[in-house]
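What follows is a set of structures for review.
After this come two complexes, each holding subunit A, first together with subunit B and then together with subunit C.
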Partner chain A sequence: MDRTVDARDTFCPGPLMELIRAVKEGEVGEVIAVWSKDAGSQRDIPLWIEKAGHELLAVNEKEEYNEFVIKKLR
Partner chain B sequence: MANKMTLIVFSGTVDKLMPVGILASGAVAMGMEVEIYLTFWGLQAFRQGAPQQVTKMSAEYEDMAPMMMQLMKEKNMPSWYDTLKQAKELGTIRVHACAATMDLMGMTKEDLDPMVDDIVGVAEYVEFARESEITLFM
Partner chain C sequence: MQNVVVLGGGVGGSVVANHLAKKSRRGDCKITVVDEDGKHVYQPGFLYVTLGKQNPAKLMRDERTLLKRRVDMVTSRAERIDAGERTVHLAGGKKLDYDYLVIATGSTLHPEQVPGFEGAHHFYSLEGSIGLRNALMKFNGGDVVIAVGGVPYKCPPAPAESACLLDYYFTKRGIRDKVNLKFLSPLGRVFPLESLDPLVTEVFKQKNVETTIFFNIESIDPKSKKVESLEGETVSYDLLIAIPPHSGADVVIDSGLGDRGGWIPTDRHSLLAKGHGDIYVVGDATDIPISKAGATAHYEGLVVGDNIAARLKGQSPPDNYDGKVTCFCDAGFHKGIMMTFDYENPPVPPPLNRRHYLGKMMINRLYWMLIPKARV
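Now for the complex of A and B:
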């Protein structure tokens, strides 16, 4: 994991926006994790990753939140 | 067809401005450009210093306003202004002031929040809307 974004305290679309910011700042090939418990981002994050052309490596279900692991492809 | 969303922001209450920030964020996230056209009360909310002071809700939901404001504070929900500002940093969002409202209220560009990019007439708004796949009136 190159970086982890803890967005558990933010509302829709906060986790998605924080992820986009991190992906923009990162280098191609970086692996980024985002933690989110907001209902909107559970669907929005995978949708955005597909649309933006990155790779969703894993969705890890934790006790109170989900961890999305993304590889920046471009 | 341009990949664009247009929002006409007529209302100046928190409950209508909140979705402006959220929808603009979503559009930017999905790679769209956003044109925001501020008119009437929507433009009043963007007066210099005003965005931080808007606490009003739509009249029909007025009784719920204190509860909503309390919940937003307790749960640390970012303000509509901060949400919009962050979205503007991430993508292409242009904020336009309606020229007719400016004239009516005797306002100049200096009276407006720095987030407002320019003052445009209605014909230009129609051009934005024509280029847009999504247009919403808030």
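Now for the complex of A and C:
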């Protein structure tokens, strides 16, 4: 993991915006993990990753949150 | 006598300094606010400047007039923080030593990070707002596109608020039928707060605002008047309103205290910079993933003021920041929404009503008297 973004307990702007920020700042090939308790992330994050052309490596269910692991491809 | 140095004379810095001055005795500490130009700007007024409803000069006051007499004010550029030596280096070689440092340096706009940004307007600075106002006055029809050029950005609901107010503005000018309002959301919904998204989606439908989701600006081509997204889509415009990318302040970056975006890793409850027991961070300068907004800085400032006052007396810090944010949005046609939320409690969708619009107008008027002076 190159970077972990803890976006638990954030309602505005939300975990997706934190992920977009991390992807924009990162280098191609970097692996980024985002932690989210937001139910909407289950839908939003995979959709954005697909649209933006990156790779969702894993969604890990933790005790009180989900961890999305993403690889920046372009 | 201990020294408390506050970098930044915006909402957060002013609230910390004035609240600490109230909560401590003169002999406990010397409080010094450092601000580059000594001007305090009320940024929520920018939207009204764009509509020609706000005199820009009335959005700016001398920071000195907002601070209690016992607070010292230094108008200078802070160039570097030496956390090991507990010293702030100012332009011209002057140094300030501190026992406690508060970093409230806000965010910095970087339009240059988006290729072609000169083809866009924005309302995130006074100058930008005046430019957009002038462009809107000359605009008589076509596609008006609102988009976001980088995350995070200040006041996440502001672009949606701008779309609603432009619907009102063009209706009042009698040319709404000649204007296509297009809203390009950086997220998978039109409004950043999920619980409010259905309401805002319905409002946009009623106001005939076209929406596209997952659109984060990659570049702008001013010649062909097209904007391209990070996600690979292209949209044409006649007038583009784009939120510029933001970063933390230069002094944070140059001092090695920020992350890649220049935001300071900050404990979300104590508001201490991670790894530094004597540096507090408030407002936009933190890396906490909540709204970068004046209300955030205000509530954080009160917590930091209380905690420094207690530590100066040898007591334990009494307060934890709970993530509280309050936000008023103007939806046009004299209706508004007020939202309050914190780390644990998402906002409950409120009704769109006149009372919350009046609440926003009241804050706009009473801001100078109440908030920077830490009276509330």
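The definition used in the following text is that the second predicted complex is superposed on the first by the 72 of 74 C-alpha atoms of A that agree within 3 Å, B and C clash if a C-alpha of one lies under 4 Å from a C-alpha of the other, contacts with A are read in each partner's own complex, and residues count from 1 in each chain.
Simple rule for what comes next: a residue touches a chain if its C-beta (ideal position, glycine included) is under 8 Å from a C-beta of that chain, and two chains touch if they have at least 3 such contacts.
Given the structure is predicted, the values throughout are model-derived calculations rather than measurements.
A.B. asks: Just subunit B (first), just subunit C (second), both, or neither: which does A:21 touch?
C.D. replies: Both: A:21 reaches subunit B and subunit C.
A.B. asks: Answer with first, second, both or neither: which of subunit B and subunit C does A:52 touch in the superposed model?
C.D. replies: Both partners.
A.B. asks: Counting touched residues of subunit A, say whether subunit B or subunit C comes out ahead.
C.D. replies: C
A.B. asks: Once the structures are superposed on A, label A:7 by its partner contacts, choosing first (subunit B), second (subunit C), both or neither.
C.D. replies: second
A.B. asks: Between subunit B (first) and subunit C (second), which, if any, makes contact with A:70: first, second, both or neither?
C.D. replies: So A:70 meets neither subunit B nor subunit C here.
A.B. asks: If we overlay the two complexes on their shared chain A, which of subunit B and subunit C does A:44 touch? Say first, second, both or neither.
C.D. replies: Both partners.
A.B. asks: Let me test your reading of the model: by the given contact rule, A:33 touches which partner, first (subunit B), second (subunit C), both or neither?
C.D. replies: It touches nothing on subunit B or subunit C.
A.B. asks: Which positions of subunit A sit in both the subunit B and the subunit C interface?
C.D. replies: The overlap between the subunit B and subunit C interfaces on subunit A comprises residues 9-14, 16-17, 20-21, 24, 44, 48, 51-52.
A.B. asks: In their shared complex, at which residues does subunit A touch subunit B?
C.D. replies: 9-14, 16-17, 20-21, 24, 44, 48, 51-52
A.B. asks: Report the residues of subunit C in contact with subunit A in the complex, numbered from low to high.
C.D. replies: Answer in residue numbers: 150-152, 156-157, 186-189, 192-195, 214, 216, 230-232, 260-261, 268, 289-291, 323, 325, 327, 341, 343-344, 346-347.
A.B. asks: For subunit B, which residues are in contact with subunit A within the complex?
C.D. replies: Residue list for subunit B touching subunit A: 22, 25-26, 29-31, 75-78, 86-87, 90.
A.B. asks: Which residues of subunit A touch subunit C once you look at their complex with the stated criterion?
C.D. replies: 5-7, 9-18, 20-21, 24-25, 38, 40, 43-44, 47-48, 51-53
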